[in-house]
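We just call them A, B, C, D and E in the order they show up, numbering each chain from 1.
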Amino acid sequence: MAEYAKLSFQKGGLNKELAAFFRGLLENGAVDGVLVPMAQNHKWVRLTLVTSASHTAGVDPFAPVAAVSGAKIASSLTSRPSGRTIAMVLRPCEIRAVVELAKLKQVNLDDVLLIGMDCLGRYENTDFVKFQEQGGTSEAFLENALAGKTSGPDFDIVGACKICEFPTAANADLSLCAIGGGNGAVFIEALTEKGGQTLEKSGMKPSEAPAGRNEAVKKLAAARLEARDKKFAEFRAEVNSFEALADKLAGCVNCYNCRVACPVCYCKECVFITDTFRHTGEQFMMWAEQSGMLKMPTDTMFYHLTRLTHMSLFCVGCGQCTSACPNGLDLMPLFRTCAEKTQARFDYQAGRSLEEEQPMAGFATDELIEVTGQVK
Amino acid sequence: MQLCFFPGCNTPAIRPDVERAIRASMPVLGIELVDADNYVCCPAFGSFPSADEEAWMATSGWNLSIAEEKGCDFVVQCGSCYSSLCMGREHLLHDAEKLTRVNELLEPAGRQVTGKSRVRHVSEVLFKEIGPEKIAAHRKKSLKGLHGVVQYPCHTLFPSEVVGFEESPRAPQGLRRLVEALGAAVDGYSRELQCCGGAGGFMKSTPEQAVAFAKAKFDAILAETKADFIAVSCITCLMHMERVQNTLNEQIGEERYRIPVFDYNQLLALCLGFDPKQVSAICSVPRDSVISRMTDVNPNT
Amino acid sequence: MSEFEPKIVAFFCNWCTFTAADLAGTSRLSYPPNLKIIRVMCSGMVDPKYVIKAFLNGADGVLIGGCWPGDCHYINGNLKARRRVALLTEVLKQYGIGEERFWLRWIAASEGTMLREVAVQMTAKLKELGPSPLKNMGQMAI
Amino acid sequence: MAEEKPTGTVLVVGAGISGIKAAIELAESGYKVILTDESPQMGGILAKLDYQFPTDHCGMCRMLPLVGREYASQYCMRKSLFHENIEILPFTGIDSVQGNGGNYRVDLRKRARFIDPAICNELGKCIDVCPVEVEDEFNHGLTRRKAVYQAVPHNNPRMLLIDKQACTRCGECLKVCPTGAINLDAQDEVETREVHAVILASGVQLYNTRDFEDARSYAVSPDVVTSLAFERVLSSSGTYQGGAIRRPSDARPAKKIAWIQCMGSRNRRQHRDYCSSICCMFALKEAVLAKQKGGPEVEATIFYMDMRTFGKGFQQYRDKAVEEHGVKLIRCRVQGVMLKPDGSLMMRYHDPETNEFFEKDFDLVVLSTGQIPFEAHRRWADLLKAPLDERGLLATEQPGMVRVAGKPGLFLCGSLTGLTDISEAIISGIAAAGEAAKFLTALGVDTVKKEDIPEPASKARELPLVAVALCRCGEKTGAAGLDYELFRAELTRYPSVGAVQVIDSICKADGEAALLDSLAKTACNRLLIGACQPFIYRRKLKDVARKAGFNSAMVEIFDLFGVARRGMAEPSAADWTLRAAGEIKADIHSLKYKPALQVNTLPINQTALVIGGGIGGMTAALSLADRGVPVHLVEKEGHLGGYLGTRVEHTIDGLAPVALAADLRQKVLAHKHITVHLNCEVEKSLGTLGRFESQLRFKNNGENKYLHHGAMIIATGGREGATTEYGYGTSEKVLTQAELKRGLTDGNVDVSEVENVVMIQCAGSRQKEGRRYCSRICCLGAIGNALEIKEKNPDARVFILYRDVMTYGFYEQYYTKARAAGIIFVNYSPDAKPRVEMAEGRPVVKFTDPVLKEEMELPADLLVLSTGVDPGESNQGLADALNLSLTEDGFLAEADSKWRPIEFQKVGIYLAGTAHSPMPLKNVLLQAEAAAQKAYTYLSGRELPTAAVTSMVKDALCARCRRCVNICPYGARSYNEADKCIDIDAAACQACGLCAVECQNNAAEVRGWGDKQLMAAIDAKLMDRPLASAG
Amino acid sequence: MDLQEVSVKDLWQDVYSAGNLHYCFNCSTCISGCPASHGDPPLLVRNLARKLILGLEEELLDDDTPWACVSCSRCEEMCPMNVMPFEMILFIRQWQCRNDETRVPTAIVEIYKRGYTQAVGVNTELRESLGLPRLNTITNNPEQLELFRAMLMKTRIVSENDYMFGG
């Protein structure tokens, strides 16, 4: 399938070339709309739904920021679909979340053209503002990041990205490839037949595959994986007991921002804010009396443990939970270490494939015999 | 009770001591035996029954007419004679055509058969008519302290509708109870109901296998029981089980198989106090070990 | 000092395991009182929240008793329960509550003896392990 | 005012599987049932079986009602059964039956138990002191019991009784009985009851090792057991509780186990020329279980004659047993067993595979003992003055069916209809219930009327205050060591408990009045009642509570006696009472958080849809229409009749399908309640019980028609099997059995001159490729054709090349008849199939004679192939249209092969005939009647309430992820595309709670089993001490 | 073996038409406990039935195994189909004798000659020593023996093979 089109650009002209591509998509009627990161009037880059070819000028797909997970936006746009075709430019982690959400019927991919991209990381929102203020551009970020430098003077890409072993997009129709394209060029790769047709329609000429891409991607992923394993080991050494976990979560105030930000926490309302957890004064007193005291608010550890059971199988490691916490709790490693275990247990990988059944949806008679250890 | 004694051929010709034992014991136990004058071959299964049905029926009819003439049932010791006579009678009773034909054949000899006389095996008479209790009461000597195994004659068991008299032909009790009545302990063993293999053509056609077949039985007796003797109730069993032991000993060159074999009537006569020299004279496996260990029964106990 | 008596919250399926518990009762097969039995309609009805809650509230062990595969009144609720238990175990064991404290066992209606066996074994195991790591933290952990 | 009609009442004699099923079906239809059993316990044989194939587990509880589940007990059926409309009388015999259909007077003999269950506190002190020990028949004498005993270990209530034969009247029990429940002079009581109809479900005698001479060659030791006894060896509540497989004589582990088949059956010599049908699968199952339980070193060998794997899934089970579990099958009938001094059991056998003899020792020998039907039939014939047929069985209107000939209102089911396995017992039970219901409908009797007490408003939103009422039950529970005053004091300390009342005998009128009185005064809004046997008294107690102003949902009843009994072994009464109070806490807490529950009436469209216009479909349609149910009958062809009804003139067992179909067709077409739709198929069907909408598409013009109906029956039949084996299609001398049958009927196949006819069975069947299953009807079909050839041309030589002759049950007599007629049967193995070559225009068949081990060849004038039955071609489409699944073989997959054989997981859809699996016409008819009855239960026009406890969806919380839809085992949840929400089929939902767990934010929840309740119960269970504030 | 060549129907009618033969379903009960099945070649009763049913005349005629039967009648008792295998064996032997005079057992000649297969009642000394009476055997009663012989001579086997009997 691998089909490529080369997008060469003059220095400082990357986004212009990309804009032309998206404009082409709209003009040719390949899609009815494009959801793409776009510079706002003064600062920020946000996912923007563009329906008019004349409004594509500000596209900035490689901007190192993701204020809200694109998967959530994709869900908003398609869970009650418009029936129109939309191209969505999403980061690899967002696409992986989209895959999970599609299985959970929260995203409808029927009329979606998924455009992935190489991701070298994102900054926290506030850091991105700094980055912009300091004159940072996506093009420059790409150049530096590909050379191994992601940090600014007092900021760096988020922890999740540093240990993300998926810098390229899978399960997309097209992908914007920055890695291994050489200077002054990005490539658009068609990953599906649909992607190939779109590429054709867009009027781009097919090109050779970027020569150094495979090697470069492999290298980057390996480095990230190494970082990941190191991080996991550190975290596991540190949080190896409930006491340590309680310490880690001590700052939690039940704001549930983490679950609001989480792309795969798809419940309309978290169970922890339903009636089930609206306790009576009598109950609080009863619990307090059991050991003489009761930490308030209650149900913080309960909440996180439950969320781990609910979501770790779907966790794509995007790090939005950490970004969302007002009290600076670094939840990402908690989820990612847990997810590694739970997903491995079921030989599952969140976002890997649309065809893979989510583990809790199925069962088999002859599996998991070790759980009970009983044979008749 | 009066019964017509059908001696067969092997018993009077080769083992007349068994005949003597029967003739001795029966009157003691209240059975009057009358002789079957001019009886002929039962006929043996290997003779007319294997050659011609009509001749078989005629021969059977000849014999049966003798008991009928005497107005009593036959009593038979030989298993083959017993079975052949029973089957002959069965055929005649259930096939009017055959019966008519046989009576035609018998007619010149002034004979007639109707089937009114039954054919009874001596162990049936002992077990059912006399009973172990009466036998025990008449004992003068006892086999107490001795262990025996029993060999049921196949011919008295199967086919049960024709020859059977046991409550349960597949788990027969008669011979066991009768031997126990003489004071011996009867040991059971796995191959108790296995045929001795002595009758018919098995031994003639494949002697090696027939001996091996019997060997399994003797090995089981030796391994599984404390048998001092084997009690049989058929002349073929008696002769065969002695002969095989000797053959086996010859084969292995040592005297491993030497369990005395008695016809039950011999043990009975011995216990009733008859002279071993008359009722237990002939054997090829020595019986002294048993006879010498018989004890007197104190009439007061 | 009195011996540590572990508390085991036992979720028993209404159809099989609860019957086995009844059978153990009528057969006078006494089993340790450490079991705090909660009847549920199906082992598949046991929400991970209940297990987490039980541990947070001071249970030293949680036992889920369900029908053997094939026995389930609801056809396969027990098999779905098994996946959930595997999942939850993966989560909890990272922080110190592993398979040794969290059991799923198939106990058929006739298996009063096995019910006792499981209760005895689990109680003994938990005595050996000592109190749950969450217990020391008291109600601060919730 | 209309005249009050009597309540339809049916006596069901025999509480085995089929009797229970018949009783439940009738009760669910609203009729009153008296269910009796001769033995002191219910469940028949099944009470002894822990495991049933194909799951090798139990699933008995699945026979409980689904829609009306709250009227019946909801616990393991080994404990006991309860249904509001069923009066259960165990240990009750039938002395006489008088009168006629619609008006039977029956003398019931209630045998003396010598212990009054109403007074007995079940502590079993009498058992402890009883000095008499006898063999325990429940464990087939493998264990011993006292003269005072409990019939089934699981029974709850225990229902102790005294074995009169064994009792020595020593009086020890009388001394220790704390409640005076024992009366050694009790007498049988004879009671005359009037019933409208009678269903006989007494089952038949089983062959055993005690009473039959031919068993004595085998039963030489306690280690030779019957297959039923072996179930007790395997059972966890049996002889070696929870342990390995041991041999009874010395409890040593049994490693080498043999099964001997056909024990007592297939024996002309013993006048039992029939096959017991169930033993082959029984033995295979036991062998697999022995392997599983005893470990891989266990050797399991089955000595058999024909391995009769004729039913749905049987062949696959056999293959699995042999290939995966290593069960060894040896085709040899052994003559006997020899016992060695070390207890080992020696058998000599001939192994046909090696053609050698072996003598081998076994540790345990299981005799696959069959059924002995004649005695039971004779007994009933005498009692009912009903005729026996030539086989010695009660004559029925059609062979093997349920209506007793000449006795209206009298029906048979279970093993009295033939020798049946579980699924057939269930089907015949339902069919008998159906016939009885039809009979009652015709009589014009009424269904049970419910007393109407208005439901008070729920006070669920008020601050919870719980009243606790405890029944003292004449000191019954007091004797268990419960200190009521302490109990009351302990419970009163909880803040949410408003009042604690101790009341004597709540179940009696005085107690009821006292309860009502105390509740009238209380300010409480929730009520917890502790009583014995809560299920039996549940409705009555809820009625009392309703009268006192408590909404049913706000009332819980717990088994106080069960709680008390758990304390039996406790040393200190005081300590126990505190612990019991602790246990109740969880119930109190749970009740506090219980939401209001509602019972709604199910909207029911009384119309039925029957898919398939063959004999099965027409039978089902008429069965419903005759009871006034409007029926749509859909047939894909342009005419009614189906396969059998248009092609087969007569079957071997005396049925005439074509004539039968013609008769049915006439009735169907004339019936005012039946609308026939020809040339169309069901394209799509949506909805739930009571409100289905189905789209019909007409083949000829492509038009659609939409039908609305409340239930449906699938009776789409099957297809003639196809094959390309054995030269089929290359010569007109090679034909299928079906072609031969037609040819013989219409004269197109002339057999007057044929010399040699060869038939090959299992062509394309029972193999890994193609039909993996046995088609069940081909052996009979081949035998029928062969006999017909013999009749037409006695000089013809007919060879039938077979693998296992599947003439189960009384069909065995046709196999016998065929052999007697000189038809030669030649066994072949699938590894060495017959070969066919064409020579001089004739097929020459080459095969190995299994007996002589010689190669044979025979030029055949006719080569006839038994090609079996293929699944109907519309099965897949139908499954898609109705959201049902198919088996791997392409037949419709029923909900449960044993316990719900003609149902699907989704209620409201039923199955009959070859759509289920290949089967003889008799079974098609039974299934059709049974399916009609299942549908009628819900379409009769009675008001059908939903269960109170069902799952719900909180729409505002629901993310529409549909995981609940996917996980629901009953198809009770569906996504409503139009309204974009989750729909719940309240009739189908069984409240298992899987959806509630799958739903992460409790948008799905089971009312009455909510998180709040459960978590409050967990809190209560873990509370170290009572609330300090309660002091 | 070409089954076309052999005649099925006639053989069994000729040999054993008692009617139960065809009930045989080859269950092997008869052979599993048969003493002579230990022989070499073994007597396999069900195989005899099979040969009869299939009509393998030549094979059956050449078969010696029926003569190895010990007449224990276990097969007769145990056969679930009441084929009466022991009778079948006897009938096969008779048929063989009819078709092959070399099969005719010499024992019948002995019986013809002296009433028994062996000399009975001649061991007078031994008998006397045991205290036994003289036996009234037919051998010793020429008048009865003659009547007996005359009777046998009217049967087919004796009359057809009269040369064997010195006739």
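One rule holds for everything that comes next: a residue touches a chain if its C-beta (ideal position, glycine included) is under 8 Å from a C-beta of that chain, and two chains touch if they have at least 3 such contacts.
Worth saying up front: this structure is predicted, and the values here are computed from it rather than measured.
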| item | value |
| --- | --- |
| Co-neighbours of chain D and chain A - touch as defined | C |
| Neighbouring chains shared between chain A and chain E, ordered by label | D |
| Two chains sharing the most contacts, counting C-beta pairs only | B-E |
| Chain A and chain C: spacing of chain centres that average the CA atoms, whole Å | 37 |
| Chain centre separation in whole Å, for chain C relative to chain B (CA means) | 71 |
| Distance between the centres, which are taken as Cα means, of chain B and chain A, whole angstrom | 98 |
| Whole-Å separation of chain centres (CA-atom averages), chain B against chain E | 21 |
| Shared interface positions of chain C, touching two or more other chains | 48-49, 53, 57-58, 68-70, 76, 80, 84 |
| Chain D: positions in contact with at least two other chains | 56, 217, 336, 967, 998, 1011, 1015, 1019, 1024 |
| Touching two or more other chains - residue numbers and ranges from chain B | 169-170, 194 |
| Interchain contacts, given as pairs of chains that touch | A-C, A-D, B-D, B-E, C-D, D-E |
| Partner chain D, residues of chain C touching it in the complex | 7, 9, 14-16, 18-19, 22-23, 25-28, 30, 33, 36, 38, 40-42, 44-50, 53-54, 57-59, 67-71, 73-77, 80, 84, 108-114, 117 |
| Chain D to chain C touching residues, read off their complex | 50, 55-59, 61-62, 74-76, 78-79, 122, 124, 150, 153-156, 158, 235-238, 241-242, 562, 565-566, 568-569, 579, 586, 895-896, 905, 967, 969-970, 990-994, 996-998, 1006, 1009, 1011, 1014-1015, 1017-1019, 1021-1022, 1024 |
| Of all residues in chain E, those that touch chain B in their complex | 35-36, 38-40, 43, 64-65, 67-74, 76-77, 84, 86, 90-91, 93-94, 97, 104-105, 107-108, 110-111, 115-123, 126-127, 130-133, 135-138, 141, 144, 147-148, 150-152, 154-158 |
| Residues of chain B defined as touching chain E within the complex | 7, 9-10, 12-13, 16-17, 19-20, 23, 35, 37-41, 43-55, 58-59, 62, 80, 83, 105-106, 108-110, 154-155, 157-160, 163, 169-170, 194-195, 197-202, 204-206, 208-210, 212-213, 278-279, 281 |
| Residues of chain B touching chain D in the complex | 168-171, 188-191, 193-194, 223-224 |
